[in-house]
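Shared between the two complexes below is chain A, which has chain B as its partner in the first and chain C in the second.
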Partner chain A sequence: MSLTRLRGTLLGVLVFAAALAVWDVWPRGEWAAFYFPGVDHIGRTAWDVWPSSDFLRAVGASLTRLALGYTLGSLAGIAVGLAMGASSRARSTLGPTTEFLRAVPVIAVLPIAIVLLGDGDAMRVGIIAFGVFFPVLVAAVGGVRAVPPEIRDTAALFRLGGVERAVRVYLPSALPAIFAGLRTALSIGLVLVVISEFTGRGDGLGVAIWNWQSVSAVPEMYAGILFLGLLGYVLNVLFLVLERRVLAWHYGAIGERTR
Partner chain B sequence: MEGLGKRYSSDGPAALSGVTFDVAEGELLALVGPSGCGKTTLLRIMCGLLAPSAGSVLLDGRPVVRPSSDIALVFQDYGRSLFPWLDVLRNVTFALGRNGLSRAERRTRAESALREVGLDGVGSKYPWQLSGGMQQRVAIARALVSRPDVVFLDEPFASVDALTRAELQDVLLAVHSTTEHRRVTIVHVTHDVDEAVYLADRVLVLTPSPGAVAASIEVGLSRPRTQTATRSSPGFLALRNELHDVIAEGRR
Partner chain C sequence: MVDGECSSITAPLRRLNVAGWVFALGLLVLAEGAVRLFDLSDSVAAPSAAAGALVEATADGSLSGEAATTLGTYAQGLVLAIAIGLALGVAIGSSRTLEDASSILVEFLRPIPAVALVPLAIFWFGSGPPTTRFLVAYAAAWPILVHTAYGVRGVDRMLYDVAATSGVEGAARVVRVSLPAALPSIVTGIRISAALGLVVCVTAEYFVGSQGIGDYLNDQRVAYRLPELYAAAILTGLLGLVIDALLRNGERRVVFWAGEEQARRR
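The block that comes next holds the complex of A and B.
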């Protein structure tokens, strides 16, 4: 890591530590002290809770559901996005419906999901897929529509059929845009996995946090939330590493262009 | 000789009107005209990418209504026509997609096509790692590798500097004179009169709005042509002056 990068990261860590310090020293009465425990109290609780097998099992369950919902939603989003991006007829046919569904806040869909799919894993995976689908779809449509006309013409001149053209030409060309959508969708997916578990039944990280909240196990609740934040951060970092790998050609190309 | 015959009238808001001409097999035909004369529209119709509002395009007597494996196109903007996610070799083999050749055969064909345009050993590089001139050579190799009957070039050298342009002109001429590619018909669209005379067997002049053929001028200059001798010959100068006159006439 270069010196400037190191300095930047150090600064970021310092800011985070400062925020924690402010949290710690802020004056509290008895009520506040109960609901906003100090950093060391949360830290000690996290130290106990995080490695426990119950907690790890809950995290595993949430991650599995996230993976399933994310995969389903992303694949669907890419497939529909490629179709809508490539064909103006598809855009005009499916456009109004997708726009309407996209406008509905995902959380509002939760009751409908429970009615349709019950209060179990199917509902949770469904909610995640629903929330992941739209940012990926929008990104894919934009990416395909931005494919340069020369590339479209080249694909036509190679006499590629519709599906082959979409998969072998439009998809790679739109991949940078699609990845941007996938990154947004990842954050959304993580939020939804927790929210879908706030009904309290079954297992999962969200269930744990919800249950701790309902029995006023406040330090444990914070420990759960903290873990959630770290999880999101790590997932994002992993995603960026993957993106750098897959889109190496893209970063090379735009790097050259901006030289 | 059987070649291309085109006959069509207006397209859209009369971008082209009554354009009629033939091209012989193996001929290098240059199309010259100012911007806005419908050169690109004409080219797209000839490739089968666009349908004419009237008239038809015939290749060997058969009508051209959609892109076919007998036709290839080299674009002006090489940066936006080569696939950035594939290396050079894969860009060229992509054109061989459905030929029923094995992967090894496709590789060999692509490598020899690259060698023909003077690019050896860059197969594993990505387009953006090459200079503009080299990228355009890749585009030419990609066009030729599938052994089409006709190759269209749409102002292919307009986006490179003058020195590279001269280089690429000679690459094109060299490739066209080899035994494998001698029978390929080349239709070269350009706004550069000198380039047209230098490269072509025959030059068509298009006049703007609506696009129509103003003149067809034979270029009798001997081959092989060189940037120095040919371009300073009296025959060359006479032809380019004649073309400039025709174009000026068309502008009036």
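The block that comes next holds the complex of A and C.
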């Protein structure tokens, strides 16, 4: 079993290496070499660019915006989601408005936010928060609505007030669902950092990539985009580690039930 | 629905979710009042102005023409994505070796968001619809590929045995057994791709800046025509809602038997 697994992984690595090799040695003229630099060229550029202080500062600025916008959007999403999940009146009242706003692609909100907040940090954090809000909201509503009736009844029996019930009963019970939404929201957030930075002012990973585009620094662009992919991968792994810690009790409970 | 059920006048009202629409309307009235009272029309458009602009720009063709362009580019990209996603998904889903071979390549490429490729794609395809088409196809191909591979891998082996006894093998087996059996999963993948594709399409247009609603949005911002800007944003949201409703409806019709099947297996 593990031998076939190993063979599979080995095959994957081989094909990946072969793809890189084909990309590298594919015969190309001057024109194509400009648009599709070789692996070694991109690699050397990444080696130079990634540790440079300018690039690291840009990445830091982007991550700060992501952290702020993500936190704001998630907290708002959880709060409204708890309310909408717990009360059918809140759900029907806010339903049509949130359904419509959710359907508007963030890119349509971006120019509106630029007019309102300017082409700076406030706009970028706001855009990230807006995009993060909805997946978290949907996950939280679903999570609270799935709370088993016996838990609801117990909460009612103890005569817990609305806020206390939401925070102490519904929140923990809906947490696994909320985490699923938070994870989706994280990758959306990363994309939105870059999109909101493509508008070009200030610093940030998106600004850097866009500026390289405008001066035709092609290998640098590849390096920047690769870094973005890597960043998304690392953030996702970190999130899973955090999730496993926070939800350890939950997995424990599931394990016991299936045992 | 039986006629007798509609006899009560309040029944449709109860279904209409009065509270929800009153809330939405109240927000709009509040926004309208605030914009007029505090003279905010320099930074936001009043709902009435946006609605007027929406009607006008749709009627005179300026916005509706761009919307048609967007839908055209979007449809072409989506068709490409379906063709590529289905072909690769079937291949990867039916062969363990191909699945292993492609695994690391797929895991490497998939986390790179399509819109991050906008600057590169402009280099490759220029600043026009081909760039947008490519980005839509690239973004939308992934969910279809993954869902197709997943669906094909999960096909009941017994179906293949039955097909073999009837002499159905090779390409015919893919068309007559694998694809129909994997259809529920494939259709879900297409629905996810279609929603994602529209977002990527408008986003790409915004930054590529040649045609379409995305470009229109950016132009209105630059020209500081706020009612038109809001109108375009509203239209984009409406397009998303309509496409999503159509796809959900289509999904239910195409795989009407899927729910039954799952219920029977349980």
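Observations, loosely collected:
Here is the rule we use: the second predicted complex is superposed on the first by the 230 of 259 C-alpha atoms of A that agree within 3 Å, B and C clash if a C-alpha of one lies under 4 Å from a C-alpha of the other, contacts with A are read in each partner's own complex, and residues count from 1 in each chain.
In this section, contacts are C-beta pairs under 8 Å (C-beta built on N, C-alpha and C of every residue); 3 or more make two chains touch, one makes a residue touch a chain.
The structure presented is a predicted model; accordingly, all values stated were derived computationally and were not measured.
Once the two structures are overlaid, the count of chain A residues touched is higher for C than for its counterpart among chain B and chain C.
Contacts of A:F100 after superposition on the shared chain: chain C is touched, whereas chain B is not. Touch criterion met: A:I151 reaches chain B, while chain C stays clear of it.
In the superposed model, A:V191 lies in contact with chain C only, and not with chain B.
In the superposed model, A:L3 lies in contact with neither chain B nor chain C. Shared-chain residue A:V22: touches no atom of chain B or chain C. In the superposition on chain A, contact of A:L175 is made with chain B only, not with chain C.
The touching residues of chain A, counted against chain B in their complex, run 148-151, 153-154, 156-160, 169, 172-173, 175, 249-250, 252-253, 256-257.
Across the complex, chain A is touched by residues 44, 47, 49, 66-69, 71-73, 75, 77, 79-81, 83-85, 94-95, 97-98, 126-129 of chain B.
Those residues of chain A that touch chain C in the complex are listed here as 7-9, 11-16, 19, 35, 89, 92-97, 99-101, 103-112, 114-116, 187, 190-191, 194-195, 198, 209-210, 212-213, 216, 218, 221-222, 225-226, 228-229, 232-233, 236. Touching chain A in their complex are the following residues of chain C: 17, 19-21, 23-24, 27, 43-44, 96-97, 99-105, 108, 111-113, 115-120, 122-124, 198-199, 202-203, 206-207, 213-214, 217-218, 220-221, 224, 226, 229-230, 232-234, 236-238, 240-241, 244.
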